[in-house]
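We call the chains A, B and C, going by the order they appear; numbering starts again at 1 in every chain.
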Amino acid sequence: MNDKISSLIAAQRAGYAMAQPFYTSDTVFEADRKLVFGQEWWLAGHSSQIPNAGDYLLFDILTDSIIIVRDAQGTIRAFANVCRHRGSRLCTDLQGNTRRITCPYHAWTYNLDGSLFSARLLDESHDRSDLSLHPIRIEVLSGLIYVSLSNDPPDFAPLRRRMEPVLAPFGLDRTRIAHRAIYPVQANWKLLVENYNECYHCTSTHPEFSRSHAIHMPENRVAPLNDAMRARSEECGVPVDYIDQIGSENRTGGCDHSYNRYALLDGFQTGSEGGQPLAPLLGSLTGYDGGASDAYVGLLNPMLIYCDHAVLYRFHPISKEASLQEIIWLVHEDAVEGEDYDLDRLIWLWDVTTHADKRIVEDNARGVAAQHYVPGPLVSMERFIQRFIEAYQTMLGREGEKP
Amino acid sequence: MNDKISSLIAAQRAGYAMAQPFYTSDTVFEADRKLVFGQEWWLAGHSSQIPNAGDYLLFDILTDSIIIVRDAQGTIRAFANVCRHRGSRLCTDLQGNTRRITCPYHAWTYNLDGSLFSARLLDESHDRSDLSLHPIRIEVLSGLIYVSLSNDPPDFAPLRRRMEPVLAPFGLDRTRIAHRAIYPVQANWKLLVENYNECYHCTSTHPEFSRSHAIHMPENRVAPLNDAMRARSEECGVPVDYIDQIGSENRTGGCDHSYNRYALLDGFQTGSEGGQPLAPLLGSLTGYDGGASDAYVGLLNPMLIYCDHAVLYRFHPISKEASLQEIIWLVHEDAVEGEDYDLDRLIWLWDVTTHADKRIVEDNARGVAAQHYVPGPLVSMERFIQRFIEAYQTMLGREGEKP
Amino acid sequence: MNDKISSLIAAQRAGYAMAQPFYTSDTVFEADRKLVFGQEWWLAGHSSQIPNAGDYLLFDILTDSIIIVRDAQGTIRAFANVCRHRGSRLCTDLQGNTRRITCPYHAWTYNLDGSLFSARLLDESHDRSDLSLHPIRIEVLSGLIYVSLSNDPPDFAPLRRRMEPVLAPFGLDRTRIAHRAIYPVQANWKLLVENYNECYHCTSTHPEFSRSHAIHMPENRVAPLNDAMRARSEECGVPVDYIDQIGSENRTGGCDHSYNRYALLDGFQTGSEGGQPLAPLLGSLTGYDGGASDAYVGLLNPMLIYCDHAVLYRFHPISKEASLQEIIWLVHEDAVEGEDYDLDRLIWLWDVTTHADKRIVEDNARGVAAQHYVPGPLVSMERFIQRFIEAYQTMLGREGEKP
């Protein structure tokens, strides 16, 4: 491991925020790129985006681009979007349908299983089976498509075993994307993740959210609400499992994951402005339990599942000091906009909340870059930041092992 | 000291311009940041900007932001604009009034003396007296507010002792800001400072300035004008002290400073287009001596004081190759725009002059970045550049001492 | 030589594309700057741009700017556009006429032979003959002006000896610039050069070009066309020499160069949309041979000469990941736009072709920056890329010799 980074990790004080270089140093960002972005699973899309054979979509992260394509047999596959000849991007449209993948430069052509179909004038001495597209590791979980840039990513199997049953009742594989929004944030990606990981700021920053969600309150006020919810959840067929396999809590040895159902405040059936439903019930649910499920697939892919819609988050690093926050709203695949749901009402809460988060995270980024920034103490409501710091710094510590 | 920088300093030829890396190297800019920007005093504002208790203004430099605030007792204080919790910027408006300073992120709140007033849910085990805002060194001299980012900045006391009396008759503490203008310049900050430090270029570049100011002329033509002025100065109550405590001339061991009164050309009572007064007399002056005072507070804060207005300069580094030149015009606090002075006429000279400087400094910056740039000989009228080079390179040489 | 670069060169596989760092690494770009851009000859302009004494034009490359000026005796000279005083750019207009070169900063003035004419107030102790403008190596070949930033550039004499006779019949010194176009390309300069060096991509990318030019075809189909052309060429006075002194083929020890005449497809007299002539015949040609001459002066300056116009290419590096592709169209100096040629028709082919190249080269740049990029095998039609790689990597290997 890089000396600078190992000293930084050694100097980390438990229960305190991270030091400046974690947010501003080129060395740390290079380590992030290799040991976090290059290893972790990323939410790359939803199976409903590519329903037919030959449908593809691109997932771009930093300098990499991945083709996610459904082959003739219906299997979803992923390949590096790089020609094996002289490296051109193969697909340039973000989404499309094709029988084969043809490079726009010299027309080398690949089958949807990645094998080289034709390369005009290529000398016969070359073994064409060595010239297949680079396969990318892919997992589809309840319709959610995850990829890793690593050939040896964190094991997905324990996560799948545990998360598939709790996600099943929501039928996310039978949803579709109602809306996507991208919020550019001038901040290191870790400040976005930390912001997402605590609701200590919700009281001062998110009046809209705090009106309906209880998690900005101290635990002793939240607990009775959760207790009351659980009975309703059972009745409606909503899982209330508590899974915490993140960071030091992760005993599976595989990919981090978590699931938790918590209560909305009284009168709120879903994350809407007034508490009323926003869209048809998801999956096999039979009613509204007035709760929301907070789930993670890997460290970087949180989602929030209400009874009638799900909200997926993506933190895209752009550079050490810029990121994109993306939000994807899922509704039941049969829901028709304008009839079954009103788009403005559906996206209202998380759009207004993310705009506010953008502002405070950018102020945070300006502050941590200052000479006089000193990491301060976390409060108990920020315990998931502490967990994130541990999990993240463990990843950076892996360098020796993953060359 | 960094090896590269010590070789550069060793290679500096007396009486010659500086070598390319002083204007283009990342290493030098990092040293500038630490040893110059991080040590020197900066003009941060004027006391008239924050007349009342709770009034504050921000002073930003590179990644740092400083809150300058007048407390309930009327004392002007300065703090790093960084929350002690997770580092958010505290104040985001450039100017305002507040009873306490509340962080927009998690609402940690500080008193105007910097002490922590409240931090919701913070564990009682933390000593709150350790969580005060970081105090910033501040000095107010004749209403001019100076700050240093260092905990151990150059001693201000000798400067104050010597400069307070010569500035007193101008009553700068009883002025107000008539106008501020910012000129972005694509050049290293040192090229702006060097440009300001010589009037060798005035003949070819500044016809407006050269019509009224004599300092572009050889000394033998300037001396008789100054002799003639001194009698008038005495009559009008204008100090004609000559103070030169800059660089190697500085025997005080403290902050560099200088003061010098020089004559305008015949017929010019102030720095106006036609020579006529521009605004009411400053301070206790009883008439126009037809001169201008050139003064420095530290190496980076020049000002020019006419009988009826003062012009303050700020050189803001943005990056190794970009800067902002800011100019602030002060007039008597009772002067009313449109009645006592005409703003366009007041700012005319230094606005037109700074626009011209921007152009030639940017051409200079392009040239010194070229492979074939070789530092050439300075002429006698550029002796203050030589002085600046010495003082600046001495600062860079301090690295061993200030870790 | 830099260790990183020598390992990269050692790892280069013959017959394969170059590895990622050649396109993305700062270290390689710095080596490019020093060992390629700082040594090679650059097309800087055409003599018709500066017909009269005192006419000048600027040639800018990265941080350098060169003044190309015709002196009172009619000789074309080149100087670094840097004042010997404090380094300001001297000329800021891209083109002009002047009796002497005067610095806009302090009015130091130079004669058109580069000697210092005047420097106001400069101490007499300085030897003014040491303060001449830095002369830049320049060669004018058939009206084409080439410069090198090096004091010891590749020897131009063997190239001149060999190329002057084959260029003479085209009378390029009696042409003028009909049009210039600049195409910004987000790609490392080497991807532009490689793209120019092969026509393997022409079939898929350039239908307009492929309709008239045979070089995208396998050699066995091209040879008979060339055989047929040669008789016509002789009749029309068009040289059909074959010169290949590039990279490992270069036995002269001097500057790389090449010349080759190849046939257009039947029915095409020149590079026009329909095959018809576009402009008056060049030089001493007596008719259309239906061919085009592909020539190089140095590794970076290709040109294509039809019977009635010539097309010059410039690859301007801007940064490691951005370049400008410039194209200059030359016609006979007596040709009058609108009468003797139609500008839209003249530039059509290479404008449409360069727009397409921009697109594919930018896709190539995105791809080679990806983690999963692996250099693939070149096909036989890409043999000039192989030659470029060899010549280029030999230049990088020179570091030990040229300090």
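The rule is simple: contacts are C-beta pairs under 8 Å (C-beta built on N, C-alpha and C of every residue); 3 or more make two chains touch, one makes a residue touch a chain.
A quick note: this is a predicted structure, and the numbers were derived from the prediction, not measured.
A.B. asks: So if I superpose subunit B on subunit C by CA, what angle comes out, to the nearest 5°?
C.D. replies: That pair's rotation angle lands at 120 degrees.
A.B. asks: Same or different, please, for the subunit A to subunit C contact, judged on whether over half of the interface numbers appear on both copies.
C.D. replies: Result for this pair: different.
A.B. asks: Just the number, please: Cα centre separation of subunit A and subunit C in whole Å.
C.D. replies: 48
A.B. asks: Quick check on subunit B: which residues sit in contact with 2+ other chains?
C.D. replies: none
A.B. asks: Could you list, by residue number, the parts of subunit B that touch subunit C in their complex?
C.D. replies: For subunit B paired with subunit C, touching residues are 17, 194, 200-201, 203-205, 218, 359-360, 363-364, 366-381.
A.B. asks: Can you check the complex and tell me which residues of subunit B touch subunit A?
C.D. replies: Going through subunit B, the ones touching subunit A are 38, 63-65, 80-90, 92, 104-107, 119-123, 126, 131, 134, 136, 149.
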